[in-house]
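Below, chain A partners chain B and then partners chain C, in two separate complexes.
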Partner chain A sequence: MNTLAYLARRIVQIPVVLIVTTLTIFIVVRATPGDPVELMLGMQTSPDAVQAVREKFHLDKPLYQQYLIWLGDVIRGDLGSSIRLNRPVSQMLGERLIVSLQLATAAMLFALLISIPLGIVAAIWRNTWVDYGATGYMVLGFSIPNFALALILIYVFAVELDWFPISGIGSSTSRGGGVWAFVSPFILPAVALGTVQTAYFGRLLRSSMIDVLGQDYIRTAHAKGLKPAVVIAVHALKNAMIPFVTMVAIHFGYMIGIQITIEYIFAIPGMGLAVLTAVVNRDFPVVQGFTLVIAIFFLVTNIIADVLYTFLDPRIRY
Partner chain B sequence: MIESAGMEPVLSVRNLHTRFHTEDGIVHAVGGVSFDLLPGKVLGIVGESGSGKSVTALSIMKLVVSPPGEVTADAITLEGEDILGIDEVRARRIRGSRIAMVFQDPMKSLNPVLTIGRQLTEALREHLGLSDRAARDRAIELLDRVGIPMARDRLGDYPHQFSGGMRQRVMIAIALSCNPSVLIADEATTALDVTIQAQIIDLVKRLTEDLGTAVIWISHDLGVVAGICDSVAVMYAGRIVESGPVRDLFHRPSHGYTLGLLGSTPRLDDDEERRLQPIDGLPPSLLDPVPLCPFLPRCRHAVGACREKPPAWRDVADVHGTRCWADLTPYWRATNG
Partner chain C sequence: MATNESKLSTARVSRRAFNKGVASATGAGLALGSGIAPAFAQGKRELIYGMWGGAVGNLSPVIRHDNQAGILIYNIFDGLVRPNYAKGTIEPWMAEGWTNPDPLTWRVKIREGVKWQKGYGELTAADVAYTFQVHFDTKSWQVNTSYPQVESFKTDGKYVFEVKLKQPFGAFPGITIGYGGMIIPESAHREMGNDTFSLNPVGNGPYMLESVIGSEVILAKNPDYWRPGLPHMDRVVVRSFPDASVRLQSLLKGEVDFLTHPDNKDVPEVAANPDFVTHSTPGWNWDYQHFNLSANQDMAYHDKLVRQAISYAIDREAIKNEIYHGQATETDNSIPPGFLGHRESLLKYPKNGDLAKAKELMAQAGVAGYEVEVMCSDKDWLRRELELVAAMVSQIGINYKIRNLDIGTFNNLWINNHEDFQQMLEDITIVAPDPHATVFWFLHSEGSVSSGYSNSEVDELLENAMATSDPATRAGYYHKVVDQTLEDCSLIYHVNANFTRVHSKGLEGFEPAPQEYIERMDEIRWKA
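Up next, the complex of A and B:
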């Protein structure tokens, strides 16, 4: 089977996975106690008003019908409207997805910037103080909760040193103007969000580099009299990058879904906070719409990871 | 121990020691190896796994990782130039250009994610400073020479797209690309089918004769060594225990270990009654070198002197010497039918 056929098969699987995911969320959200209309309108509202809202959002119909109606709307490109805010879900998504993507990208760039050199030097000078230092940092990066790191970063770099703003992502009130005004509010949240990944990726690259550096073809490369930098950067890194790149792609999808605490601390209008608010208020259409997008994102990054795999490793052909 | 008969050796090694510092102690992988390699000649180094053959090669190539490895010698000279004390930058200029190496497993020795073209042209660009274009042309010529059909179309292929024998041909092309004066083939045919082995041996022999390259052929297989080498050094427990011209050594084995090796090698002209004689026991630990002959515990021919003092090097014939006290002349006829 060639790569295109494999890709086609993977893409065909997407709707199946999405139906299972959305159906699960659909049932779970509705099975938990709490009524969106009562939460929105309050207890004192007349039964007629409640009934009207219920009918508008098809909440009076049986569960399977509700799902089918929602699914039909989604296929036509309509994600419905928020029960609480009475705004189209797609509109809310649009605003927040961009912010979340920007934050995830920034965090990923930070994670790569730190983890690649860290993993390489730790592998080259393994069991020396360089390696111990790098490994020590990785343990620290793993262990520190991101909210704690966020608070430390805010205290040191925003409050005491005043280098970066505490918040301001997605707002037009950033100080100054131009690129820095856009970039600066991302720095602290990106560091807080990406530190776990610096440790995770660093450790992954370290172990795959150590594995690769022990291979016979590295000895061959040295036996050819190549410069050590060429042996590392071309012969070793290209092999070590195969598991690394795949993991990075998968983690990018993951980073979209785990931003809630960071969004909360830095007052970032991202997807996480929107989903949290929607869940608390039983705002079903918003929860479903956002879940759908996150699931799609996860699936797409996984497929991208698989495709990258074939590019990096000529032995892999689907 | 193999003396140069008037000719200036291309590679000369004197008293090479390689130790590895491990948690269990110091492993004496190579314990005082000396030999001369004459221009255009093929020297075989035989011995079982762990006898120090490969480590000897890697030590000469300066590919022993230090730490834990430690290489010392009285002298290592390449074409009259001392290469023992040179720094890593100069060692790198020699590797791949003046001494090249072919390894055992061609699947593992070629980088799986780089094209054959890339792996072939690297050394050319590094050592000869060829342009991409010139290196490519030379690569095609080399592949053609080692017998890879449609060489031009195969530069973009990856190692997994070649068969085992073809991969080893590529390795040979890489090793010979910069026209080295010494080629070290470390178990270069061990991982291959017997028919392919013969082709590869033939190829190496033909190419190195054409190019005038001297070869160190490392193998545990006496048959292969007999087919390709001019002279042989037999290694045991990190030392050369016997060395000499290949015919002389096979006809007049003068060390208990060599005799044992010959007795355990099947031959086509064997009588039906002749049974293969395995060498009983295991090679000694290299952690604590014994002062006596290291083969003593396994030797069937040990004499009184073997238990009293370490064997001294003695000449058996012209440029044929051994490190053995026993007189093995009664067996010369027996092993050669």
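Up next, the complex of A and C:
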């Protein structure tokens, strides 16, 4: 099968995966006790008021009809409105997806900046103190929960040193103005979110590099008298990056879904916090709309990763 | 007096609280760093306000909103009346005055010359009638809370609104045109429709909505505001911070100027910071135990002697100190400070309890001990409070089996008074500035959130209080109701938790409200 045919098959699968995902979320959220209308209207509510809101959000209809109505609306581009906030889900998504993408991008940049040199030096100087130091960092990066790291970062860099603000992402009013006012609020959350990725990518690149450095063509390159730096950069790194790059693509999608704690601590109006709040409030349209978009994001990044494989390694055929 | 403002002393704040807080999963205890006043903001006419919670939405007074949205709504809209927390009275606002020519008729004179924002004309009695009609047409929550006594309403000229009631209702100013007295402009609402209006509200208050993006809301000064010279700020930026400690730290770093709901354990330290002013105000709320008296007839708690014993076993001061870090007031009754009918917060039960008396009552009831399931929601402080209370009642032989539930499941069980719960611990914020709201809804046998408690004498007193307009007479009825419920203990009250706000010392003119959803920003300003 050629790549185009493979891509076509994957794209055709997308709606099926999305239906299964949204249907699962739909059933799970509704199976959880708690009525979104009563949560919103509170205790002093007449049955008429409850019924009026239920009708507005089609909650008075059988479950299968609710799902079909939602699906029909989605196909027409309408994700509905939040029961609690009375705001269009698409509008909320638009605001929050941008913030989540910005944060994921910042965290990924941090992860790449750290992990690539770390993986390379650990592989080149394998079983030396450099390697031990790098792998020690990676173990630490894996081990430390991101909320704990976030608090440490706040304490050290915001409270004690006063280098960076605690909050301000998604705010049009961060004090100070200019590029720094926009960039600075991202730094601590990006480090907190990206540290585990630096460890993961660093380990991946280290083992991949070690593997490549043992190959015959590397020995040949050295034998040809190429400078070690050229051998590493041109011959070793290029091949070692194949699994690395595809994992980066997959993890970028993953980062969108794991931001909740960081969003909570740094008061970031991203998608994770919105979903969490919506789940607590049984705000079905928001949960479903946001889940749909997150699922699409995962699917697309996975397809991109698969395509990247074929570009980076021509031997791979689907 | 509803408020008990504390402007605090001069000791400098340490960072110890942060070190303690790092150990906590949510960042509780984040630093009270060296208080840095936002000096760069001095002289500006902008306020950055750090609010608790997450996203806000639904900014229409005719659609049910949460407390965070309430803070915005009460700055975008001026209601017909306004509670005077210092005097404990309801005062004219958009309603210049009201008369009660007969027990079933109230005539409300609307203030002349008040303009709607964004050029939507003048506020008139027609807008008031339209707003009431929208509530009834949409079957809003207010129909059951503020307007259940309303028979009909009409305008009488441009500035008089007349309401006919089904039965005399002494709480009319506080509830019908108080809690239910936020008015919308007919022209703007008709033009936009209900949902669009909630995203783009047009009010008559000191601030206009400029934008809502993510969890940040920007309010701009209403240039046509009816009170000359107000508001003082050109712009109020409201940013939501889910984590209390981060919210506080943002204030201390000067990222915000004003915040609500700091973690109670941080309050003493920030209160000692000379760069900030802390207001810790007894709130119109209760933490209380609720017995499901409509079910579980075999449970020992149906005996009022057992309930009295539980109330005597409660060390309310310990709850105040352990759970609220001193930011609360011990109470044993349903009428908090600042309400008509309030006498004292503790009328019968000692603040430290009386274990001997509790054991005596248990013996008198012939109950050696029993086990009961007590549920509470996922509010962290209530879970801890319930554990503390369970330890207290265990001393009289009662074993509280704690059942923690998420808020959705919890509300579903108790609001609908399902039979499959026995007892619960909950906190309630009282929304309407009248004791009718605090007492009738909970204690009348037909109250909408009744626990199943039924006492014909209490019902009669509540109905008499409802039918009387004279405040002194009403207060007398409420005193009797409270006395009876202290005896019956259908609900056992623990504390009125404080609402705490902290702001830069550069700000002045803020009057703290005992209501969680009211933050008046019209008179707040930077000192010259």
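Here, the second predicted complex is superposed on the first by the 318 of 318 C-alpha atoms of A that agree within 3 Å, B and C clash if a C-alpha of one lies under 4 Å from a C-alpha of the other, contacts with A are read in each partner's own complex, and residues count from 1 in each chain.
Everything below uses one rule, namely that a residue touches a chain if its C-beta (ideal position, glycine included) is under 8 Å from a C-beta of that chain, and two chains touch if they have at least 3 such contacts.
The structure presented is a predicted model; accordingly, all values stated were derived computationally and were not measured.
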Fit or clash - chain C, chain B, common chain A: fit
Chain C, chain A and chain B - angle at the middle CA centre, rounded to the nearest 10 degrees: 160
First (chain B), second (chain C), both or neither touched by A:234: first
Partner chain in contact with A:38 - chain B first, chain C second, else both or neither: second
Chain B versus chain C as contact partner of A:226, first or second or both or neither: first
Touched partner set for A:153, first chain B, second chain C, both or neither: neither
Which partner reaches more residues of chain A (counting touched residues only), chain B or chain C: C
Chain B versus chain C as contact partner of A:106, first or second or both or neither: neither
After superposition on chain A, the shortest CA separation from chain B to chain C (Å): 45
Common interface positions of chain A, toward chain B and toward chain C: none
Of all residues in chain B, those that touch chain A in their complex: 61, 63, 92-97, 100-101, 103, 105, 108-114, 122-123, 126-127, 158, 160, 171, 174
Chain C-facing residues of chain A, complex: 32-36, 38-46, 48-49, 51-52, 81-82, 84-87, 92, 95-96, 99, 147-148, 150-152, 154-155, 158-160, 162, 165-168, 170-173, 175, 264-267, 269, 273-274, 277, 280-282
Contact set on chain C toward chain A in their complex: 15, 18-19, 21-22, 25-27, 30-31, 33, 38, 40-41, 48, 54-58, 60, 63-64, 66, 138-141, 143-145, 195, 198-199, 211-216, 218, 237, 239-243, 246-247, 249-250, 253-255, 406-409, 411-412, 415-416, 431, 441, 448-449
Chain A - residues contacting chain B, complex: 215-217, 219-227, 230, 234-235, 238-239, 242, 312-315
